[in-house]
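The next block holds one structure in the form of structure tokens; read it before the comments.
Letters A, B and C name the chains as they come in the text, with residue numbers starting at 1 for each one.
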Amino acid sequence: MEFTAQQIADFLQGEVIGDAQVKVNNVSKIEDGKPGTLSFLANPKYTHYIYTTKASIVLVNRDFEPEEKITATLIKVNDAYSCIAQLLNLVSQARPEKKGIDSSASIAASVTIPQSIYIGAFTYIDENVKLGENVKLYPQVYIGENVTIGENTIIYPGVKIYHDCVIGSNCIIHAGTVIGADGFGFAPHNGSYEKIAQIGNVVIEDFVEIGANTTIDRATMGSTIIRKGVKLDNLIQVAHNVEVGNNTVIAAQTGIAGSTKVGSHCMIGGQVGFAGHISIGDRVNVGAQSGIPNNVKPDSTILGYPAVPAREFARSVVMIKKLPELRQTVDDLRKEIEALKKQLGK
Amino acid sequence: MEFTAQQIADFLQGEVIGDAQVKVNNVSKIEDGKPGTLSFLANPKYTHYIYTTKASIVLVNRDFEPEEKITATLIKVNDAYSCIAQLLNLVSQARPEKKGIDSSASIAASVTIPQSIYIGAFTYIDENVKLGENVKLYPQVYIGENVTIGENTIIYPGVKIYHDCVIGSNCIIHAGTVIGADGFGFAPHNGSYEKIAQIGNVVIEDFVEIGANTTIDRATMGSTIIRKGVKLDNLIQVAHNVEVGNNTVIAAQTGIAGSTKVGSHCMIGGQVGFAGHISIGDRVNVGAQSGIPNNVKPDSTILGYPAVPAREFARSVVMIKKLPELRQTVDDLRKEIEALKKQLGK
Amino acid sequence: MEFTAQQIADFLQGEVIGDAQVKVNNVSKIEDGKPGTLSFLANPKYTHYIYTTKASIVLVNRDFEPEEKITATLIKVNDAYSCIAQLLNLVSQARPEKKGIDSSASIAASVTIPQSIYIGAFTYIDENVKLGENVKLYPQVYIGENVTIGENTIIYPGVKIYHDCVIGSNCIIHAGTVIGADGFGFAPHNGSYEKIAQIGNVVIEDFVEIGANTTIDRATMGSTIIRKGVKLDNLIQVAHNVEVGNNTVIAAQTGIAGSTKVGSHCMIGGQVGFAGHISIGDRVNVGAQSGIPNNVKPDSTILGYPAVPAREFARSVVMIKKLPELRQTVDDLRKEIEALKKQLGK
């Protein structure tokens, strides 16, 4: 599909500066824009690229005023970043939609299948599973007994969902993620360990997106809960009986130990570790690779191992860097004191 | 299934305080107990919940004496925690057992199948695989050539076990785990790398449980070994030629580099990293997120990056927190010395 | 298969010391060598094992001169380590090669299949996939639409490759790895988040090896790129629009945040975290568990959190260890100054 600058400007309610008839059929980043593609300028750090980019069209904010000649056609819009997101969505939706039930899928007799569903090859659906309208189950997915999946939810290839788990509507779960494996619970017994059965489940609310190869364990009793609008990246570990509050965003490889409660609207960096049985307030920001041993108050910004307020962390880093200097100062002072003592002793 | 307080008390050899005929059909945590469920009080931190819980029955230790009125029926037992574990096991065992061989499974001609086995849909079993009695292979499992799996072992959906690996009896391996992929071995050669073939295997002894999406690499030569009774959580990395000693417990996202030997009865926190070619003694405790560059003596408790004895770590944390104060003290001393020098110079 | 010491020496152009007719049928490590196996001595740390090993043959470097009696037959070669790698390769290649197309595989009509291919059971290949000669797709692999896979590439069980991705020739991708899942991109909108469609792809160049359960996300626009000869270990996270330069080696559980560019010939330890939108020079060495918040110059060796030059890190570690001592010194100086002041005040 090709569009002219004018067509795109009309769609985005923007204004064309330059050749309104130039055509594009793809999207590119401004630093490696090619002819026939549309790019955008949202971050001022990238402004210099606009004078050399080979992209045919560049979306810019209305207040952008070029300081040199620009070859590309410009489309001025209110918010270039949100407009490019809209266009990416358009392009993405242009892909043919998956539909129908692959004849190789294994579906238990008790499962009712909505007309609008997609079930891919080698996908396994056990007894009493409930599937909403427009659910998409890609190939090689496993859905255990009594699982419920809400409408419009997309489950990518190879996802495994154990029995009794509940997945909301409008969720996206990426390939290889495991939901509802047993929590890590053992009781010491004569030098070895006895398994504590994990009879709870996992509840994922609506509008949650989960990355690839992430693991969310079922609760010992009750539920491990991922609230509405949460976004989890790849390779994240969520232990049994954890609760993650609504609209919290967590970057890759972070781990949350058992029974910890993370608040809503938090932003958690990558490779962070939370101890078990602690409570993190709402709107907390945690820097990448931090270790959180204790409760955290709402609206905190913390960092480090163990995590401290970001300002304190920065100060410690500087202090540690200057330790050799501090040590030298102390040595110098010692010498001066020795000199003073000698002088006085005289 | 429903049980009365009296039936449960009889089973646990406990004593009923309150309505012996009240019935429950599920288990709950005391802080969110619902009518018709049984809960328990083991951790004194949670005692206050017993006066408000809506659970119909609460298991308590024999020495528990209420200080206020309690609505729930109590069952007094010798060890509430171990009793709840027993009950969770009962509930868990009440789930219908998986049996039989799914017609879609792909099983090589040379494999002998015990009558008691479960083999799920789309599971692949290659030549010369040996399967013990009561083995359960969930759907979409891959078992490479010459693999041996001992009796009563459960392999959850999507687990991949490469050729020649040996899995003991009474093991549990959760979904998405990969056992026996090639160790990470390359020889530098003219600025690029040549693969070193990994011809060893992985040996998992009896009573081992492994979480979801964990990876255990095959040895270059010989075996990567997970000893009897080891419990590994999710997303753990075990490199080639590692050995983990019996009854050691390792939390999620920990990584063990090549040829390292971890002792028996260790307790390793989450996100810990072990360097390669080192030896960790028996009964070592390692705090979460620690980095272990060198050998560790038996019976140590260590923490930090690089890890040090726990007490030393705690002291360093305090010291670093107080660095600004120390610096201020040094500045003050400098001024006093200046003053003294002036006074003496007079 | 069995070989005599003489046959092996001829193959490796080595010289036999001892019984040239002794036979071996496997390879072992020198510390646990068994009769009938061949072992090697490359690392001087292991020299003492040569006097007690039960291996029948040991490869040694030409300059090795025993100081005691050795039972094993020796084969002297120019480079024992590279010779053992050659032999491991031979053993590994002796395994029967997988061939043919399993009848249960699901292959879209538009896909052309080379004669030399292996496609395992329950593998799914979507429309317009292009497969090179000698490609091996193990069971339960998922290949999305328009994916290209170059000749001789091996894809192990359960790997998932999303649509539009490009895999080079002579690559190896281990079980459970996910390539091309959506990058983690969301735009804040009235307290929740809107997904930014990820319409780019992943490009893996030739001679790349990727471990098990690793995740490499597709680009928002353009490509996430893994250059020629890169080796990635298990459980690594590569975010959208990252580029990893040729012949860079990255150990397990490392994470690279979005749009970061890692140079060529780097060596990255395990559990390292790279911030997003930064640039790492060529030939950079990063110690395990480091956190990299900013750009790094070529030829650096860095370590720590945040990472600093390795020498500075080592110094800081010592300094922190000695903080109690420094504090004591400062206290002592304070007392001496008090004493001096008293003396002067008299």
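What we mean here is this: a residue touches a chain if its C-beta (ideal position, glycine included) is under 8 Å from a C-beta of that chain, and two chains touch if they have at least 3 such contacts.
Keep in mind it's a predicted model, so treat the numbers as computed, not measured.
Where subunit A touches subunit B, under half of the residue numbers in use are shared by the two copies, so each contributes mostly different positions. Fitting subunit B to subunit C on Cα positions gives a rotation angle of 120°, stated in steps of 5. Between subunit A and subunit B the centroid-to-centroid distance comes to 25 Å (mean Cα coordinates, whole Å).
Listed for subunit C are residues 104, 122, 140, 158, 176, 213, 235, 253, 271, 305, 320, 323, 326, 330, 333, 337, 340, 344, each touching two or more other chains. Looking at the complex, you find that subunit A touches subunit B at residues 104, 106, 122, 124, 140, 142, 158, 160, 162-163, 176, 178, 181-182, 184, 186-187, 191-199, 213, 215, 217, 220-222, 235, 237, 239, 241, 253, 255, 257, 271, 273, 275, 291, 305-306, 308, 312, 315-316, 319-320, 323, 326, 329-330, 333, 336-337, 340, 343-344. Within the complex formed with subunit A, the residues of subunit B that make contact are 27-29, 32, 81-82, 85, 88-89, 91-93, 95, 102, 104, 120-122, 138-140, 156-158, 172, 174-176, 207, 209, 211-213, 229, 231, 233-235, 246-247, 249, 251-253, 265, 270-271, 288-289, 305, 317, 320-321, 323-324, 326-327, 330, 333-334, 337, 340-341, 344.
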